[in-house]
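The following pair of complexes shares a single chain, chain A, combined with chain B in the former and chain C in the latter.
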Partner chain A sequence: MHQLLRAVFGPGFFASPQVHVAVSIGAVVAVVSAVTGVFTVMRGQSFAGHALGDVSAAGGSGALLLGLTPLPGFVGAGIAGAGVMDMIGVQRLRGRDLATGIVLGVAIGCSALFLYLGTTSGSTTGATQQILFGSIFTTTPGTVAAVAVLGVVALASIAAIARPLLLSTLSPDIAAARGAPVRLAGLLFMLALAVSVALSALAIGAILSTALLIGPAAAALRVTKTLPRALVTACLTGVAATWLGILLAYDSYYWGSGHQILPVSFFVVAIIFATYLVAGLPAARAARRRPGPGRGVTHEPAAAAGMGARCSRAS
Partner chain B sequence: MTDHSRAAVTPEILRVDQVSVSLAGRQILDDVSFTVQAGEFTGLIGPNGAGKTTLLRVILGLQRPATGRVEILGQPRSLRHQPIGYVPQKVLLDPDMPIRARDLVALGLDGNRYGIRLPSRGRGEAVRSMLHAVDADRFADARVGSLSGGEQQRVLIAHALISRPRLLLLDEPLANLDLRSGQEVIALLARIAREQQIAVLLSAHEMNPLLPVMDRVVYLAGGRAASGPTDQVVTGEVLTRLYGHHVDVLHVHGRILVVAGAAGDEAPAVDGSVAHEAAAAGPAAGAG
Partner chain C sequence: MFAGFMINTWATATIVAVVAGVVGYFVVLRGSAFPAHAIPKGAFAGAAGASLLGISTLIGLAVFSLLGALAIGTLGRRGRNDVATALTLVMMLALGAAFLSRTTQYEPEIYSLLFGEILGVSTSQILPTAALGIVCIAAIAVLYRPLLLTSVVPEIAEARGVRSYRTEIAFLIVLALATTMTVPVVGALLMFSLMIGPPAAARSLTSRPGLAMALSVAIALITIWAAIAASYLYNWPIGFFVGVLAALSYGAGRAWAARRRIRPAAVPPPQPAMDRA
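Right, the complex of A and B next:
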């Protein structure tokens, strides 16, 4: 038993302060990303989420260039980007896509410049790696509190406007006609999304933040029928994937003779992808078993009855 | 053509008064006026592009009219706490959405509120009885996106009705339904209007399915409207005036066909939507 534990958890895993920080930050980031992600997937705003990751990268690399830690850069740029995207036009679906694309282009350009300047000036070695692919093992313990506070703010924002957000996702017209705060809900959600992506950028990198945002949520939506269950499942999936990724990255030091820690981000993203595929199995199997259109699951008798009525009326 | 004798008996729910709307320089509605009384079933009829959706959006307050005004229960309309239920033409109901029929109906009660919903037995009971009222009990726990068009329509009607509105607006609810589902939805709406004294205003490009239940018609064409009892409004004389060119109204086996075309034309053109309906009704008429 002891041997097995030693084999699974590499030597010093539980004693390592870096692991403590990584596990704490990883849990907060995974939960915030999962909750935000479920709404992002439902609202069809995955592209906006990805763009905000690129905006965060610009902010993070800019912060490094100024000699700051990346987190304030990630968050500041993300919120500014979300505000601009909301301003340019998130009202209409098409406008939303255009706004996202325009902001994304500017952000990547800035990242390219900042990271180039950072690398050539030589003061910040590994900046590219840190910004694009995360720094969960090198984050200072002091950052944990900031991450927790930001996480709570993002979750509280979503909780405050959850119902108008849901209603306007289903139909902006119904929501507006009911007097629901559609504009405010959309804006607050964009801000929560920006914070969530910024936190995720810190953990697994700006470029990969989309994976933690969308993956667990998409997997959860495949296997659950109600929103609360989707949220819980997405959170559990995200936390499990993040922790497992941290463990595997830690263990990778002892694999072979290379003695280097492979990127956490790779493991997290690989686990999420595998989970998403597995989550699709039940539906795929059900579809194979039930040939034909296979949309209705619970009400085939009704359709049959309808057919019967139509036939009897015609005869 | 306002029916004054009726207004004295039943309260006036909706008054649309000389409403005009221009969008992008094009006049969509031109001096439209009509009233709707409690318990009445009114059909908002007109060809595609006649301005039906725009008119509904004006009533809902989603579109500001250039001139004219809308009164609900004798008050100028305000966006908060308005007693209107709305079933839009298009709702994003993806099969992936983790929203069951009962969840959507519950959102009709409190979807405009801030904060997270706390459990409440009263709300569950209200949702259950509302689903029962629209005959949707058996798919209450199915994802809305997995339901058929007619079933979704019922759930959306329940969603609109659960806040106890005095006026129910429906934008082309029959557009994507087969004949039978459409008739069921219409029968349901007529029953609700009668039992709960709700005014129903339903837009459609085809009036024949509504003839058995429609108390009044608001006919829109070319941005202008005529309203009143069906047999007074849907006449060659009135519609010719609305359309601005010669229109014949034919009564065939209890159905109404609106046929457009100037006198002397070689082949009179049947209005597109009406021709479509006539063709669709062909086999049914033959079988009957």
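Right, the complex of A and C next:
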């Protein structure tokens, strides 16, 4: 048994302070991302969820350039970007994607400028890679508290608007007819999404931020029928993938003879991607079993049956 | 600014802008902004992989952008489009991160692959760029009708027997080709701005497809020429100018459209008295 444990957990895994920080910050971010992600996927706003990561990273490099800590830059740029996207984005899905793209283009341009100015004034050379990928193993314990507080803020705001948000997600027309604040709920959700994505982009990097936001939620929505179950499944999937990824990355030091670790993001994303594919198997098999006119245009039957999510896709 | 070493830059930028204007028109029309961002950004992981294996970057870019396009197309068929795109993108980026962790000499190249190195285009790069550009334009010309039909009136397209799934895959492959051609020159992220801003501006000015496409190419050309000039004069990265100018052109297009909507065209502008006299 001891032998087996030693084989699974590399030497010093539980003693390493870096691992402690990564495991705790990873769990917090995974839970916040999974909850935000379920609404993001249902509302079809994955692009905004990804783009806000890049937008907030641009703010982070701007803050570094001004000599500030990155956190206010990340959160400030994320919130500003979300506000502009909401302002210029019309309600239709295509217009929204376009608005996201325009904001993203400006943010990327600013990133290019900030990185350029940063490198000419002689700051760290790894800045590009840091902002592109981020690294969970380099997070300091100090950021854990900030991340946790902001995560609670994002979750609390989503909980506060959950009912009108869900109604306006599933059926905007009925929501509007009932007098639910559709527009306001949408804006508040964008702001909560911005905070959630900004903190995850800061803590774990842009790749993992998008992966943990979209992957667990999309997989959960494929296999569950009700919102609470989808939320719980997404949280569990996210946390499990993060912890397993950290463990594998740690262990990868002992693989082969090179003694180089592979990035955490690689393992976490690979696990999440595989989970998403596996979660689609039952629906795919069901679609194959009943051939007919609907073949090939599956509307995520599992999720649609319980939540009427077909409206969210058609919008 | 027009010295010998800049000729390559002006020529390549012109090719890139024409392709971005034409392909971008359909990106905006079809609401494919996310794939247009994801394929170039993910493809740069292929460049990292190629440098690890010691083969040409162009091959790595081509393989990854084509794989990305196919993955987005096939996964998006059964699931949600945006989810498929997001997950394909992060998977490609994660592979890129894994490749980069295995090599140490690659670091300075990342910046230029992402943000472009347009001021240092070599003569040997022009020919492949032009060839791939012609292929892209030809493919769009062949796909013109099915693309337009499936984008604007999907029901009629289906009734006429146009296969929307095949059209989508074909379009994603054109995007991938455009990516392969432009990433080494203008960078993954700059191409995205060029494919979104100018076509969106053109679309808000006119609803006629041919005219909109011509306008889109014209605005893309102005954007990139102005960006090169500004980048040369102020020595700031070209990506910054392209991103900001593309967004400005979109804003100007929207403002123009809004102004036209307030003052209907039916009311003739008042004639100055002097003209009549």
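Everything that follows uses one rule, which is that the second predicted complex is superposed on the first by the 274 of 315 C-alpha atoms of A that agree within 3 Å, B and C clash if a C-alpha of one lies under 4 Å from a C-alpha of the other, contacts with A are read in each partner's own complex, and residues count from 1 in each chain.
Operating definition for what follows: a contact is a pair of C-beta atoms (placed from the backbone, for glycine too) under 8 Å apart; a residue touches a chain by one contact, two chains touch by 3 or more.
No experiment lies behind these values; they were computed from the predicted model shown.
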Inset, instruction - Applying the touch criterion given at the start, work out whether A:A162 contacts chain B, chain C, both or neither, answering first, second, both or neither. - result: first
Inset, instruction - Check whether A:V28 is in contact with chain B, with chain C, with both or with neither, and answer first, second, both or neither. - result: neither
Inset, instruction - Would you check which partner chain A:L98 touches, where first means chain B only, second means chain C only, and both and neither mean what they say? - result: second
Legend entry - First, second, both or neither for A:I174, with chain B first and chain C second: first
Inset, instruction - Check whether A:L65 is in contact with chain B, with chain C, with both or with neither, and answer first, second, both or neither. - result: neither
Legend entry - chain B versus chain C as contact partner of A:A230, first or second or both or neither: first
Legend entry - chain A residues touched - chain C or chain B, whichever exceeds: C
Inset, instruction - May I ask you to decide whether A:H50 touches chain B, chain C, both, or neither, giving the answer as first, second, both or neither? - result: second
Inset, instruction - Take the contacts of chain A with chain B and those with chain C, and give the residues found in both. - result: 41, 222, 296, 298, 313
Inset, instruction - Using the touch rule from the top, collect the residues of chain A that touch chain C in their complex. - result: 41, 44-47, 49-51, 88, 93-94, 97-98, 100-113, 115-116, 119, 125-126, 128-129, 132-133, 206-208, 210-211, 214-215, 218, 222, 260-263, 265-266, 268-270, 272-273, 276, 280, 283-284, 287, 296, 298, 300, 313
Inset, instruction - Can you check the complex and tell me which residues of chain C touch chain A? - result: 28, 30-34, 36-37, 77-80, 82-83, 85-87, 89-91, 93-95, 97-98, 100-102, 107, 110-111, 114-115, 165, 189-190, 192-193, 196-197, 200, 236-237, 239-244, 246-247, 250, 254
Inset, instruction - Would you mind writing out the residues of chain B in touch with chain A in their complex? - result: 57, 60-62, 79-82, 84, 86, 88, 90-100, 103-104, 107, 110-117, 138-139, 141-143, 146-148, 151, 159-160, 163, 180-181, 283-284, 287
Legend entry - Residues of chain A defined as touching chain B within the complex: 41-42, 159-164, 166-167, 169-171, 173-181, 221-222, 224-227, 229-230, 295-299, 302-303, 306, 309-310, 313-315
